[in-house]
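Each remark here refers to the structure printed beneath this line.
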């Protein structure tokens, strides 16, 4: 069994790493990581805008974003990917690579999730900070920019890393629209070998495990660091903070 | 009691028929009062009497239902662009019960950020001023400490310095010592006394009757949303006119 | 493009029966794996508090694996991998008894158990240690203090997280399509293939998912409100 696994890695490591590249699109682990990094990089600014819109008193900003958040919380990502596969080419009018469709879908999905994290971070600061800033004459956006967001975003760094891990795990669903990622590469190998499915999917699971575990560790260590920097004022987890944690820490 | 010479005859703060309700509950039932320039007014009254709400309406942290509030010649509650309100607010110092220092900024950054970002004061000037203010509240050595590393009394002194950095002609204090351990109350009151001695116009909600006796020019007693007594502290403490004030004072003593 | 017309799907008994079967299977997978997950989660929580380091180490490893490997990969490993390593008799039996759905329930249930058990554990940790001390001071034994003082509060604290994760479990039942379970997502792809009504079929199934998820959220919120001693007035 172990020798099988070693043999598969020896024969197929390049395919697992970069897919068919340069004879085809970039695939494998490289595509998985690129997709995840790009998704979170675009989702982050989107999430701040969504969070501010959701906190706004204007129903025109608040309402659509609330609807979007509930939509993404209530509909499986798989359905959203199918929607993306159907809609993105309609909007762009061109033959869009699956990678791009997946990226757009992930930005919308994780942007909405992340916006709840950011909003939670802002709300957790309480009214006092905003009031103090406004009493000193800061405008609403100025107070957000210089007082609220620096604290809120710093406090939610661990959750942002968790969302990043979730994004990496979510990229596996690209499989249904043939995004050439790591999972896709593994099933290609499985189709070629036919006789060793356990070994192939074991390798696949192991690679994801190493990456996601490491990042989760980073999140935990960052959280400890942040707690320490709060100079011993680490609050006990409350029902509210637990609810927030459950939001970012989703199986996928 | 300190005597001050008003620099100008118009009052610093003028409240006219101020009313405010939360739903059916009327918190402020028509407040008419004035604070002269350089005057120190202490507002006291039982909890739930509306004194915190009143002081928060003065810089429009709370909206009012009807009436008007004029502060330093500006009608605070008239409709105005957000930018103008921000500017007005920066000219009214406000000190909170819970300090509300910005925990991600060091003491000196807490003081300097608003002059820089709101008033556009150059960086060096803002920090020079901040250093000076920290000295004034006796915390020059804590300039680079974060709020989490300071005691409650120290945090409140930084918060006072932060408000002073905007160079307001008037300072509002909303129970500035209520969240403090008893041994820290004195250091904050000392800073406030210093301010009063320098001629600052002050409006202060507090339960510290000693402070009221020593520093205030006038005491307003509020009950059920109305100012029912307004008198110099000597008079108020020795000869309260209303039974409600008498009961309040006797409850304090016991 | 033809114009929007839901009756193309809802008026066709064949499609409707596919939808109903899909909903049925989605619920079988979701409820089955929820029950498995909750049972395992309680066992895992018990192991956490068991004396000795072995139980805790096992649960840590269990949780770590199930949280750091994508659920889809876990399902694939079960269905394409572990299934083939099973003894022949068991394989035959499973093939006769909807092996796909069985593995979906096992895979999703085992994965979700990790999340549920962590929710419960955080809920327990959010109970002030003073509660345990107070119970012990009143003469409760460890087990009795756990049973009557700590657990009720811990579960209550964990409720919002458990509800969130129940919703995500329901959503994740759609992953079963990847191992060939004929649930709702499978049904939508079939209907789309047969009817060429992509927009209508996606819309219909999306709304169905959304409605069911919102129902779980609302039901959960109702339970959480009922369980909140501050609101129900039995302090």
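Lettered A, B and C in written order, each chain numbered from 1.
Here, contacts are C-beta pairs under 8 Å (C-beta built on N, C-alpha and C of every residue); 3 or more make two chains touch, one makes a residue touch a chain.
Please read all numbers here as calculations on a predicted model, not as lab measurements.
Novice: If you tally the C-beta contacts, which comes out ahead, A-B or A-C?
Specialist: Between A-C and A-B, contacts are more numerous in A-C.
Novice: Nearest chain to the global Cα centroid?
Specialist: A
Novice: Could you tell me the distance, in whole angstrom, between the mean C-alpha positions of chain B and chain C?
Specialist: Roughly 54 Å, centre to centre.
Novice: In angstrom, rounded to a whole number, how far apart do the mean CA points of chain A and chain B lie?
Specialist: Taking the average C-alpha coordinate of chain A and of chain B, the gap between them is 46 Å.
Novice: If you average the Cα atoms of chain A and of chain C to get two centres, how far apart are those centres in Å?
Specialist: Going by mean C-alpha positions, chain A sits 20 Å from chain C.
Novice: Help me check something: in the complex, which residues belonging to chain A touch chain B?
Specialist: Residues 128-129, 131-140, 142, 146-147, 150-151, 154, 230-233 of chain A touch chain B in their complex.
Novice: Note which residues of chain A are touching chain C in the complex, please.
Specialist: Residues of chain A touching chain C: 70-71, 73-79, 82-83, 86, 165, 168-170, 172-173, 175-176, 183, 187, 190, 197-202, 204-205, 208-209, 212-213, 216, 236-240, 242-243, 245-247, 249-252.
Novice: Help me check something: in the complex, which residues belonging to chain B touch chain A?
Specialist: 59, 61, 82-83, 86-92, 94, 96, 98, 100-104, 113-114, 117-119, 146, 148-149, 159, 162-163, 166
Novice: Write out the stretch or stretches of chain C touching chain A in their complex.
Specialist: Within the complex, chain C touches chain A at residues 64-74, 76-77, 80-82, 84-85, 111-112, 114-115, 118-119, 122-123, 125-126, 128, 156-162, 164-165, 167-169, 171-175, 177-178, 185, 188-189, 198-199, 202, 205-206, 209-210, 213-214, 217.
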